[in-house]
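Shared between the two complexes below is subunit A, which has subunit B as its partner in the first and subunit C in the second.
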Partner chain A sequence: MVERAEDEEKWLAAGIAGLQQNAFYMHRALDSNNLRDALKYSAQMLSELRTSRLSPHKYYELYMRAFDELRKLEMFFKEEARRGCSIIDLYELVQHAGNILPRLYLLCTVGSVYIKSKEAPAKDVLKDLVEMCRGIQHPVRGLFLRSYLSQVSRDKLPDIGSEYEGDADTVVDAVEFLLQNFTEMNKLWVRMQHQGPAREKEKREKERSELRDLVGKNLHVLGQLEGVDLDMYKETVLPRVLEQVVNCKDEIAQFYLMDCIIQVFPDEYHLQTLETLLGACPQLQPSVDIKTVLSQLMERLSNYAASSAEVLPEFLQVEAFSKLSNAIWKVIEAQVDMPIFGAVTLYSSLLTFTLHVHPDRLDYVDQVLGACVTKLSSAGKLEDSKSTKQIVALLSAPLEKYNDIVTVLKLSNYPRVMEYLDNRTNKVMAIVIIQSIMKNKTCIATAEKVEALFELIKGLIKDLDGDLHDELDDEDFKEEQNSVARLIQMLYSDDPDEMLQIICAVRKHFLTGGPQRLPYTIPPLVFSSLKLIRKLQGQDENVVGEEASASPKKIFQLLNQTIEALSVVPASELALRLYLQCAEAANDCDLEPVAYEFFTQAYILYEEEIADSKAQVTALHLIVGTLQRMHVFGVENRDTLTHKATGYSAKLLKKPDQCRAVYACSHLFWVDDQDSIRDGERVLLCLKRALRIANAAQQMANVTRGSSGSATLFVEILNK
Partner chain B sequence: MVLVLALGDLHIPHRAPDLPPKFKSMLVPGKIQHIICTGNLCIKEVHDYLKSLCPDMHVTRGEYDEDSRYLETKTLTIGQFKLGICHGHQVIPWGDLDSLAMLQRQLDVDILVTGHTHQFKAYKHEGGVVINPGSATGAYSSITYDVNPSFVLMDIDGLRVVVYVYELIDGEVKVDKIDFKKTATTNSAH
Partner chain C sequence: MNYLIGAFKPSCNISITFADGKSRKQVPIKKENGQTVMVPLFQSQENISGKISIEPLQGKKVEHNGVKIELLGQIEMYFDRGNFYDFTSLVRELDVPGEIYERKTFPFEFSTVEMPYETYNGVNVRLRYVLKVTISRGYGGSIVEYQDFVVRNYTPPPEINNSIKMEVGIEDCLHIEFEYNKSKYHLKDVIIGKIYFLLVRIKIKNMDLEIRRRESTGSGANTHVETETLAKFELMDGAPVRGESIPIRLFLSPYELTPTHRNINNKFSVKYYLNLVLVDEEDRRYFKQQEITVYRLPETS
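Now for the complex of A and B:
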């Protein structure tokens, strides 16, 4: 293979040398106005292009040099024409060249001047040339020759408004010329596939790929003709091009040309010819990557729809959506071996299209998702990451478009698609959903919607089957659950009954979450409920005699049970705090027994569960602080609770802590804004007790460390 | 001119999803030299976010804070002022000025910053200042009904500190300003 490359370099060098030498003589002849000699040398020069030894890449280099030389020759011919030399004669003369390839190059060159002189109708000359080029059937040489023809004729086509348009010459002729050239070039191109031994197929395909733009150029020129309006495109151009594409039965050509058609011609044309274009798709070779083609088409149409609102009615008129979804359905049916990834990509493109063009038609969106579900159901749960990524993209698209989870919740097929994701991806998707809600600050206001939402994010709420706990990273888990916690703040309804329903629904789901999740999920739920209670408090006067379904009492009952659930974790410190919060709320509602019950629970937790001294100090601060604010208790209850609190304080481990806690308790006996609680004696008792402890503390400290640290305690007590 | 941000009681994610967007857009990294946080953030994410606004951050422990390494009280000196931070649930009765003043004397600071009540307060008291920046997210509080999100920005310049309080009322940010001047004190002996 290396030898071939080296040899090729040698041949190319030789070719270029030969070409340049003949060019030199040609120029000399031109300078001395020796037409015969000039033609002779030019023919010799062009003979270098007769080689079969060069790959397309190298041939192109040779071709470019010849092209440059021919330009100069053309200029000479033009001069000759002006000086009165007959073009027709020239046209005859060049045909005497010995070999056909140089002859045809020269003919094209003269033909260009011929058309320009307008001595004959453009269409006649063009027709002649395009026919004559059939003489070269070798693929590479033929392609380059026709490419040359295309290049020199480009500005001389009888397009509308061009100088070459006449009564006999119309754009129809231009189109005909281009279509013919295109057809012939495609045939040559396809023929390359079958040349040569089978083992060199890869090399051939690579060479073909290098040449494809030569073929595509014809379509570009077609696309740029002014005269090719929608009707001409529909009646003539598209059918002829598609005919060639389908009939050539070549995978590489079909894929490239379909793509070319989509890129070259305007989107409005595609809309109006959608049926024809899509009709060609099932007729293509099965190995053609049709999904990329369709995706490209849908993407272009989506962008077209997004560009301006005025084009949208067109889409409805041509029933674009149903045509596209039918086409996709047919393709998927036909290609049984298409991998799931491919099918999902197609549906993804269709979904994007639908969201751009028909955003208000949720039923269309749902349809697309439904079709996806049907396809997925034959495959079971997805394992490969490409497909899962694609599905996540598919599901994220409606979220981004609508920015409103409530709309997305209406799509009945959405959760079904999620079913097919593996557990990890399910969670990823759930987080995406939550992030979308948080970003858009969407409020979810009915219990029904909450249920639907929780169905979608159930991967986060509880363990799904087959979950492996050791897989889960600690940090990630925390983040996950914190997201869920934040989500709760977004579930809100102004109607208390509805709100209570929401709380109940959420509670039901959370309690299935298992001990690891509860510490994260229960607190926001509790606070949500407390907020509701406070709201109901304000409304209490209005609800007279009605059996209101949402009442503080009921909610407190719920809360009691909910916080109890934390005991399985166990999370006693958290539970204690929550009980105290509830007690305060009950206080505000004047529900003495409820508040007492909460305090009892808190005390029990303190006695039984909280053993760490630091935790005890904080807990006690909270207990005393809360109790100090309570006004709902009758004398007996208050006494019991205070007595207990003081007792706990005295039993703390470190003396300084004890002392501080006890003097804090002194506040329990004297609350400035409540006349019933002004028991000076008990206050004094407390302070004296604190003093005793401080003394003891100082003595101890002197024994062990001899410091005067406890002097501060005395100061503090003094302040009190 | 030293800018000190004082805020606390965010209670994210238990009682609030996030800081109000209007506050977030005002708090830009690089403008503030110190952050004082009274506590109850409650999770690491919030800590990291605040740290990104200003690396010099001082936090004290609130009763719901996840991170147990925060201290109960903290003191620091900025310019001519000594500042003290404490969450406030340790000071009983909660919100009582006299008890807070006791804490101020105990810590020997000019400015005491506490929280827990979720209500903005600023008192001049015996040559010092007691500030409560309220709750930056407007979180539910058993003590205060109708909490408006608020935080405090202190501008310390020599012997003078200007306290700006930002409150979010009905969707609009309202700013108020209080001036304090420190009298050059001599250290009093016991």
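Now for the complex of A and C:
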């Protein structure tokens, strides 16, 4: 292979040398106005292009040099014409050349001057040139020759408003010329596929790829003709181009040209010819990557729709959505071997399209999702990451478009699509959903919607089948659950009854979460409930004891049970905190028994579950702090609780802790703003007790370490 | 040029001039020594007239037995060198026996001369027209002077001129249909046609259209045939597929063609053929030859 490349370099160098040498003589002839010699040397120069030894890439280099030289020759011809030499004679003269390739290059060059001179109608010359080029049946040489024809004729087409337009010459002729050149070029291009030995197929396809823009250029020129309006496109251009695309039966050509058509012509035209364009798709070779073609089309149309609201009615008028979804369905049906990734990509594009064009039509959106479900059902749960990524993209699109989970919840097929994700991706998707909610601060205001939402995010809420706990990274898990926790804020209704429903629904789901999740999920639930309670506090007078309606009592009951659930984790410290929070709330609601019950539960936890000394200290201070703020308790209850608290204080492991706890308790006996709690004696008792402990601590310290830690205790006591 | 028979030095100059020498069109011919000279052009039925001037040299006098001028139409076969067959021979006596001691001019005229055949210079045969002036002398040899002229005859466009259309092929290999727009072409004509490929199972490299001239001289056992390819015009570069139609446009003016000559005086024929040649990747040639008639159209200006 390397040898071949070197050989090619050699041949190219030789070709360039030959070309340049003849060009030199040609220039000499031009300078001395010697037409005969100019033609002779130019023909010789062009003979270098007859080579079969160069790959398209190298041939192009040779061609470009010839091209440049021919420009100079063209100028000479123009001069000759101006000096009275008959262009018609020149047109004949160049046809005397014995070899066809140089002959035709010269003919096209003279033809260019001929058209410019207006001595003949442009269409006649163009027609003659495009016909005569049929003499070159060699693909590479033919493609370059016709490309040359295209280039020199480009500015001489009888387009509307061009100087070459006449009574007989119209844009119809220009179109005819371009279509014919395109058709012949495509035929040559396709022919390359079958030339040469089978083992060189890859090389041939690469060479074909290098040449494809020569073919596509014709479509570009067509697209730029002023005179190619919608009618012309619809009646003539598109049918003829598609005819060639379909009939050539070549995968590479079909894929490239379909894409070309979509990119080159205006979106407005595509809309109006949607049926024709889509109709060609099933007729293409099965190996053509039709999904990419359709995706491109839909993407363009989506952008078109997004560009201005005025175009949207057009989409409705041509029934774009139904045509596209039918086309996609047909393609998926026809290509049974299409991988899931492909099908999902198609639906994804269709979904994007629908969201852009018919955002109000949730039924369309749901339809697309439904079709996707149907296809997925034949495949089962997905394994490959490409497909899952694509499905995540598919599901994210409505979220981004609507910025409102509530709308998305209305899509009945949405959760069904999620079913097909593997567990991990399911959770990823759930996070995406939650993020969307948080970003848009969407409020989910009914229990029904909450249920729907939780159905979607169930992967985060509980263990799904096949979950392996070891799989999950700790960090990730924390992230997940924190997301869920934050989500609770958005579940809110102004109506207390509805809010209670919501809370019950959430609770129900959370309780299925398992011991690892509860520490994350229960607290926000509790706080949400407490919020509701606070709200109800203000309204309590209005609500007259209806059984069904929400009441603080009911909620506290619920809370009690909820916090109890933490015992399976176990999360005693957390539970204790929560109990105390509830107690405080109950305090504010004047519900003494409820508050007392919460304290009882807290004390039970303290006594039975909290064993670590540090934890005890923290817990105790919490208890004391909370208790101090309670005003709802009657004397008896308060006494019991206080007594117990002090008792706990004295039993703490470390003396300094004890001391601190005890003097903290002193505050329990004196609350400035409550007359009933001003028991100076008990305060003194506490302080004295604290002092005793401090002394003992000091003594112990002197014996063991001799530190001055205990001195601070005295100071603290004084401060108290 | 003087042809001396039996003497060493020229004794006089003979010049032949045509009456309309200044206005008549001249065409080049190649002489036997390779030189190209311009000579007047005539067509059949024209009058050929002019003057002969005889000028003795160096004060000599020329004694003669008579002066005559002949108009000869000759066919010469190259394998039979020196053997001229005169198909036309006209003579005019210019002077009775006598003496020429100073420049003497004699007018001559041949009216409405039948010159049915064109001048032709071929491989094995040529047909020429010549004026021959002879000053007869008994001893010392006659003095002879020649003047060539060219005759071309014109034919109007044929009333019937059918196209040539034919389907040919090799079974299972190659089937083509070729079409040439006419069967009779004039010298400045254009061959317009097309080649349509019905079946292509071989790998074609290219296709040419040749113009071949077949000159046959003599007859019977002595027939010589010389074939020359006068033109090789490439029609197609590369391998076509079934259904392709390749256009033909071949201008005849650049090539040195002559009209078709059929059985001129039973001595020779010159015929033209179009030879369609297809060459495959292994350089095998497939061809189909077709005769065409070439004629000379009157010039318009």
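The rule we apply is simple: the second predicted complex is superposed on the first by the 713 of 720 C-alpha atoms of A that agree within 3 Å, B and C clash if a C-alpha of one lies under 4 Å from a C-alpha of the other, contacts with A are read in each partner's own complex, and residues count from 1 in each chain.
We take it that contacts are C-beta pairs under 8 Å (C-beta built on N, C-alpha and C of every residue); 3 or more make two chains touch, one makes a residue touch a chain.
Predicted model only: the values in this text are computed from it and were never measured.
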Next on the checklist: Applying the document's definition of touch, where does A:R424 land relative to subunit B and subunit C: first, second, both, or neither?
Outcome noted: neither
Checklist entry - subunit B or subunit C: which reaches more residues on subunit A? => result B
Item to check | Touched partner set for A:T618, first subunit B, second subunit C, both or neither | outcome: first
Checklist entry - Counting only touches as set out at the top, which of subunit B and subunit C does A:K330 meet: first, second, both, neither? => result neither
Checklist entry - Looking at the overlay, what does A:Q581 touch: subunit B (first), subunit C (second), both, or neither? => result first
Checklist entry - Is A:R50 contacted by the first partner subunit B, the second partner subunit C, both or neither? => result second
Checklist entry - So, A:R141: does it touch subunit B (first), subunit C (second), both, or neither? => result second
Next on the checklist: Which partner chains sit in contact with A:K410 here, subunit B, subunit C, both or neither? Use first/second/both/neither.
Outcome noted: neither
Next on the checklist: Applying the document's definition of touch, where does A:K389 land relative to subunit B and subunit C: first, second, both, or neither?
Outcome noted: neither
Item to check | Where subunit A meets both subunit C and subunit B, residue numbers | outcome: none
Item to check | Residue ranges of subunit A touching subunit C (in the complex, touch as defined) | outcome: 50, 92, 95-96, 98-101, 103, 131-132, 134-139, 141-142, 191, 195
Next on the checklist: Which stretch or stretches of subunit B touch subunit A in the complex?
Outcome noted: 12-18, 43-45, 63-64, 89-90, 92-94, 102, 105-106, 140, 142-143, 145
Next on the checklist: For a test of understanding, state which residues of subunit C touch subunit A in their complex under the given definition.
Outcome noted: 231-241, 244-247, 249, 251, 253-254
Checklist outcome for this item: Listed in rising order, the residues of subunit A that touch subunit B in the complex are 438, 478-479, 482-483, 485-487, 489-490, 523-524, 527, 530-531, 534, 577, 581, 584-585, 588, 618, 621-622, 624-626, 628-629, 664, 667, 671, 712, 715-716, 719-720
